[in-house]
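Dropping the structures in below, format is structure tokens.
Both complexes below contain subunit A, partnered by subunit B and then by subunit C.
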Partner chain A sequence: MSGLTQGERRELRIVGFLCNWCSYGGADTAGVARASQPTDLRIIRVPCSGRVDPLFVVKALLNGADGVLVSGCHPRDCHYGTGNFYARRRLEVLRRFLPVLGIDPKRFSYTWVSASEGQRWQTVVTRFTEEIHELGPAPRFMDAGPLEREIEQPASSPLHSLDSASLESLAALKQAIASRLPELDLVLGWQEGRDKAHLVPLFIRTPEDLDRLAIGPLAVHNLAVYLPELKGRKVGIVVKGCDGRSVVELLQEKLISREDVEIFAVACHGTFDTGRIDQALGRYQHLESVRMDGKELRITCDGRERHFSLENDSSTKCLHCKTPLSPLSDHSFGSAPSVGEGDSTPPDLARLDAMTLDERRAFWRSQMERCIRCYACRNACPLCVCRDHCISDTREPHFTTQESTAKEKFFFQIIHSLHLAGRCTGCGECQRSCPVGIPILALREHLIRVTDELFPEYRAGMTVDAAAPLLTYSVEEPHIQEREW
Partner chain B sequence: MNCYRFLAKDALSAFLAFLAERERVLVPVEKNGARSSVVFEEWHEGLPFTMLKSTVPPKAAVLPQCEVLFTCRRVPDEGDQNRHVMVLDDTLTAQPTVIVATRPCDARGFAVLDRPYLNGLYQDPYYAARRKELTVLTLTCPTGCESCFCHWVGGGPSSPEGSDVLLTEIEGGYLCQSVTEKGRSLLERSALPDGEDRLASMQEARKKAYQSLGRAPDLKTAPQRISERFSDLDFWNRWTEACISCGACTYFCPTCYCFTITDEGDPAHAEGGRRLRSWDNCMSSLFTREASGHNPRRKKAERMRNRISHKYATYPENWGVFSCSGCGRCVSNCPTGIDIRAILLSALGKEEDMISHGTQSKETGQ
Partner chain C sequence: MRIGVFVCHCGSNIGGTVDCAEVARIAGTFPDVVYSTDPMYTCAEPGQAAIEEAIREHSLDGVVVASCSPRMHEPTFRRTVERAGLNPYMFEMANIREHVSWIGKDIPSNTRKAAELVEMAVEKLRKDTPLTPAEFPVTRRVLVIGGGVAGIQAALDCADGGIPVVMVEREATIGGKMAKLDKTFPTVDCSACILGPKMVDVAQHPNISLYAHAEIEDVQGYVGNFTVTIRKKTTYVDWSKCTGCGTCTEKCPARHSVDAFNEGIGETSAITIAFPQAIPKKAVINRDFCRQLTKGKCGVCAKVCPTGAIRYDMEDEIVTEKVGSIIAATGYDLMDWRVYSEYGAGRYPDIITSLQYERLMNASGPTGGHIVRPSDGREPKTVVFVQCVGSRDPSVGRPYCSGFCCMYTAKQAILTKDHIPDSHSYVFYMDIRAAGKMYDEFTRRAVEEYGTEYIRGRVSQIYPDGHGQLTVMGMDTLLGRPVVLKADLVVLAVGIEAARGAKELAEKLRISYDSAGFFLESHVKLRPVETNTAGVFLAGVCQGTKDIPASVAQGSAAASKVLTLFARETLKSNPQIAKTIPGRCVGCGKCARCCPYGAIRENVANGETTVEVIETMCQGCGLCTATCPQGAIQLAHATDNQILAEVNALCQA
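The block that comes next holds the complex of A and B.
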């Protein structure tokens, strides 16, 4: 079988996931027919292409595979009926996800070969192997050096006005909660934390608790994260637009019940990037005052006043927000700003777009080095619902090791992102919660962009009776090319 | 006899280069990301560093996030080809390390770790080897800050415990004061000029720092009062509601030392097997989940109770001091803003002290 690997060409490591019923049979047919094939491919037989978790592919690519090929039965010809329909969506999302990780998408391919198509198999494997040889051995993640050029974060203008108008709804909101409180076990909101610049979650049970309720651009936490653990209790929740989408997504996935949750929606006019505020305040001893005036926030500590504005210091997620008011609510407060048209590429993502693949690997490696795996990103995510059964904590299957390398930590971010593909509403809690400020939201934002391209009719967290695109399929996929030839 | 030397600001890099001749030098480095953070990194010529308090304490210098306890390989027996033997390699590697510009709370953290790891029933050889090779050059704090509380728990902005040398910022540079013999010989080896003539400025700076602190509540009864709260689950529930059970508070703590051990790899495989020890945290429910599936601390309130009790009740019962150095990182790094000071004071019935500390009153808990 050495016909195509002539000369002294070094063999590369290509992993093939082949479905038992079609492609594995196709490879067998090619072998029986003595069709010559390159020998770089290491075949792993799987029951169905639908069994191929995109994480298999990423794990192989991160751990030294030079290429990965997935092949299954032709669409509409799955042994199990629908397995490859699911696979097609997942693998296409994966293919478009790889570049943001700094992995050349040409190193991954998925296709369809039936058991009788020995010749097609020969062509598929030969072409893919040739492509991988053209690319050469894959660069290793841990070999990525420091990022050598400064890449400016492009300026971005918000899609809707950002100001403190949401504060005006406080009195009406309090009144509504007060009237509903006797019927509810508790209501989730915000209150001042260790000082006025740091709001924290509030669990309202009594009118005295309600007195402490605070809202506004410093109310950053997405309180939907608490809903699944409160399932079975009557819970009221105060939501910004993005938080409301998380509630919808939780309802859609039946993790909470509609009759148990009462939504108090506040029209959001933007939130501050609290990390940026903390950085600007630096080390201080006493916070004297916090005043919000239109777009301006004035914080005085240790006798020094500092100014922040929502235009310059808002959370980046607010710049491309199209949902200032929750899509689902029982009570709503304030008027939502009108959302304009414009480039909605988040600035962190735009910066990654401006990098080469090598630079992206260098970027992620240098950023992930300081992760200490506290998993605040995971636990603050309202849609990270496996809780104590996270794949990163299990020994069987052994997806991640305890080794504290940047690669392992990055792989966890990939796991989280892929598990959220099509479900993530971009609330940004993963990034806000990261105490060492790793800009991990960009990975999720890229996946949102990918799912928007492939499934434009769907936006996560907008309608309760919809289904997330990777949890369903359609027989014909208008935005996915079925095969190249 | 203490040794005093003066380190001029512009001589800092030369001093680091002098240290780096013999040892790995860890310095605080500012990282830009979604928010800026400060972590310890190995210094090399030209590395920009900062004297800011680090976001992540330098605990990893003695207790790495993950370390290999041993590697093992299954190899054919030389005498009998039909048999295999397991070869273990548990060679200790402890790189001589000097930490520069850590803070007194972090240095006191090393003292907290020393007690169970060095002075307990068993001495931990891995920890002991690294600790022996560690030199701690601590920068005393110029002021307190809104989230830290070292003076509540027996420390202070110039506390020497756990440090080998104390650096205090004075005009033009830092006055270096040796605390231990190790620190003294280091300073004497260095080419730093004598600093005794600047002692007055050092004392002035330290006094100013101490005076900047708010009133500290009396925590003498904390072990007893917290133990009394043990069965008051309502109390713990109330204070834990906002907790999302991540590990930020423990992993950023200079005094938390729990770990897990896992066997990875395969001794029969070419790469071999390895036993790893890595950080674990009591805020995760998996921390106490037993093989049977039973979990004695299933609720997050029970886990918070464990963390607080360990720091302010059981550790002091064993060692006479709190296992908290008041660095405040659990406060500043908590994604949901849980404030350990408020829990502590509430357990003690001293909520009014939060006000004097510049933190809002928490009479009713949340």
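The block that comes next holds the complex of A and C.
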């Protein structure tokens, strides 16, 4: 503010979101008791901690807040009964999400203060302000320099064998679709695209269309993305394991109806990273042949044969796949490989894990500078169901500006990721469709890891009638350790 | 937009540590602010008049007041701007007193902070839209939970005002704690004689329906339209047939049942009528002691009952009632004083609670009003009263004063002398709190006329001396020396806590409660009867410790709130509720799934799902707005854009 002298200690920017009924009252009580507090905090009054969209917190942190504090009624004391139970889950997911963005999670805290707890409020404000001062001013995203250290992508071995076994089911699949086609408006599958090395979606309406059906490790598209638009029509869909989970998630979210969808599940033994193949093939004039030979893909173009193997060139999502066969199906084909035990960290995520917070910010800054804001990631995501109403495009509400900066583009990725929290099945379509190859799947994979930690009994896209973890709550949260003050 | 900003000095409350004139000057530079000033007292009549004048003079269409907490004066100023013709929701407050001037002394920091809070309020106001409340009909019936003196008063006042009352009492009789008392201070009136007629009024009032021996199972709905589920606990007696003749209680062979009404002093039969003036005067079987129900053979009461009212196969019954308002008057219980090992932790029969002592003194009590020792039936000659047992004692989690123990202890000391003229009473006390009409005079009378010996200090140990008496060791802190007394009877003034089950009831009513379980009023000073849930009011000790006249007063106050509420044919709903933006909704129903009030209805038409907010049910929490990914449901007055505007005002890096 102009013309005013500053206090001895430079104030930092701390934003508080306080529920009207308890914490705002608690702050009032502290004031009435003349309980002295640091002056850094600015309070935004909201009706309920459940009103706090985690995106408000990210917005503040990306735009210069050095710390953000959310405070609501104590669990069980919510003025609205259950608002803070939802807030607890969502804010805890947010807290654990921040590090992968390169934001120190210590800059965000949430707690509970009742209207009578003036003293507790004083303690919370004082401690939190001290902690933020210990951290110092938050580094700005747009000040992040280039990543100075090369970080190796760790090797990762798949949880099940990857090979082309799925090809064997094609005849049986075609037969099944042929027998069902008269009763269906259309069936979604894959076909050869511009050449044999590139499969594209196929909309089967006639037996002739069916002849073109292709499957196999090059059938990468998640066709579930088309289903919401086809709601109300009888649609058959050929799905890999991961695609099937998207269908289940859409059913759970009532965006499609079970009676309108017929699921043809194909056991999947892995898909190729088509971006990697294209890069290896480079520009070519003429493609002579594409042959799958066990685990090997042999592509001959312009007289040169190149070999790709699922061991080395699979999509990274396949490395930690636990659902090679759709959890829900009407017909299933092929035998699914047996899935190994344990969890493996996806390679891109493991690389981020190996970075410091500063390095992660530098990493994302440089990656986001490359983003052309084409929204292909959003359009390919089967769970991006807002379609024309995405809040990154609107002014009501006006979450992002149209300014083409790495920060705004990063904020869009955060919006997309947080909107997928507890819903994302990790199908990887966002990253596959990115024309500039930004490893954005890692953000979603990190959130999957977070929700797995917090809600281990739940996996997105496995059961139609399950309750998504952020749309429900428990009175006691066994996996959330709240901080003491 | 044309915004006016008023930066209140609040005397020196704000002006002392915030440069209000500077804040007003800075506010004048904010977008759309056309007028800013710094009045001395904005909430006072001249201050409000100045706002109205400024609205007219400067054609303001929005007002920001920077002053105290909006929890204090937001309604006040909303009315002010409304008087001047603005929509009351074209108003925002910046809290620069509780959140600024009172918590920091550094004037430059405070001034900067105040200016930023004003900036946030201005930015939010710029996105405010006029809101109009909807009107909805009211069910003009009231539920009173608890039939103690506060609940009785509230029920009678409502009923006299023409409002049908549903009273639910957990015990088999109304009357509450007051019905157990022998006499009341400071007049030493017979408690039953003053309460009894009121209890009869409840029973006979055409506007009151009473559910005794019943509890609240569930509460749904909202102000004006609550649906209450009541569990009528089984009594094993068909009350429509029971005449209260008492034959069953005389003939019942299970004579060793715990006598709850008499606080466990003495024993009673398994089928009982709590006391002679009970309302309703109906028998209840205590299933823990009834031989028919525990052993399967007896059936005496069924044989002797002249009207055939006994029904051993009776089960709980669930009834629902529709009401427009609820008064909670659930009272209190004594804390479990056995946590005090120094007082014997309940091992010695001649250490009793003051409420047990009331039953001993009461003519309708187990001893017919003769004060005798529970151990041997002997008349005590030396009685020691110990005050503050579980009051003002943070070590047992009860830091608060129970409020009325000083007075009833004085009363009990006086009555002891009346009953046993050759007795002598001692009172150990911490402080005498006798701040009521005729109260101090009354305690003086106990000392000066009745010779009660008051000893300022705590008791450290009580134990049997082996010769039939109790040794009471304590400290006289005025004389600074230890005191050792021989007592025939020790009466503990046990501290009170919220009635058992109060928290569970609060959850059902969605009202707040404090750590001791007492229900929280809406504002400590200005809204002592209201709760934060519209239409739910408080009466009596459930809200905090108070004596009989205060409980009665609050019962009447709660009734007046109900009558005020029902004076209108319709109620206005809070317009700060969620609204859907139909074109944006994809029908995923995530909002409906989370809504704590079930206020979001999903409509399916032509295979398309849309959602709709039921205006009267929405309470404005905004959980739906935070849940909807595409921003298709917005909470009016706290829209995404309004909160973002506040965030953006603060964070512009």
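Heads up, the rule we're going with is that the second predicted complex is superposed on the first by the 473 of 485 C-alpha atoms of A that agree within 3 Å, B and C clash if a C-alpha of one lies under 4 Å from a C-alpha of the other, contacts with A are read in each partner's own complex, and residues count from 1 in each chain.
As a convention for this text, contacts are C-beta pairs under 8 Å (C-beta built on N, C-alpha and C of every residue); 3 or more make two chains touch, one makes a residue touch a chain.
This is a predicted model, so every value here is computed, not measured.
Of the two partner chains, neither subunit B nor subunit C is touched by A:P469. In the superposed model, A:G334 makes contact with neither subunit B nor subunit C.
In the superposed pair of complexes, A:R34 makes contact with subunit C only, with no contact to subunit B. When the two structures are aligned on the shared chain, A:D77 is found in touch with subunit C, with no touch to subunit B. After superposition on the shared chain, subunit A has more residues touched by C, the comparison being subunit B against subunit C. Counting contacts by the rule stated earlier, residues 387, 398 of subunit A appear in both its interface with subunit B and its interface with subunit C. Interface residues of subunit B facing subunit A in the complex, by the touch rule stated above, are 31-37, 39, 52-53, 55-56, 64-66, 143-147, 212, 214, 241-242, 244-248, 250-252, 260, 262, 264, 276, 278-279, 281, 284-286, 289, 331-333, 335-339, 342, 358-360, 364, 366.
Put simply, subunit A touches subunit C in their complex at residues 1-7, 11, 13, 15, 20-22, 24-25, 27-28, 30-32, 34-39, 42-48, 50-53, 56, 59-60, 63-65, 73, 76-83, 86, 90, 114-116, 140, 228, 231-232, 253-255, 385-387, 389-391, 394, 396-399, 419, 467, 471-472. Those residues of subunit A whose C-beta lies close enough to touch subunit B in the complex are 191-196, 198-203, 206, 208-209, 212, 221, 225-226, 273, 275-276, 278-279, 283-287, 301, 348, 367, 370, 372-376, 378-380, 387-388, 393, 395, 398, 401-404, 429, 431-441. Contacts from subunit C toward subunit A in the complex involve residues 22, 26, 69-72, 95, 97-100, 102-106, 108-113, 115-117, 120, 507, 510, 512-514, 520, 532-533, 576, 581, 583-584, 586-590, 593-594, 596-597, 607, 609, 619-623, 625-627, 629-632, 634-635, 638-641, 643-644, 646-648, 650-653.
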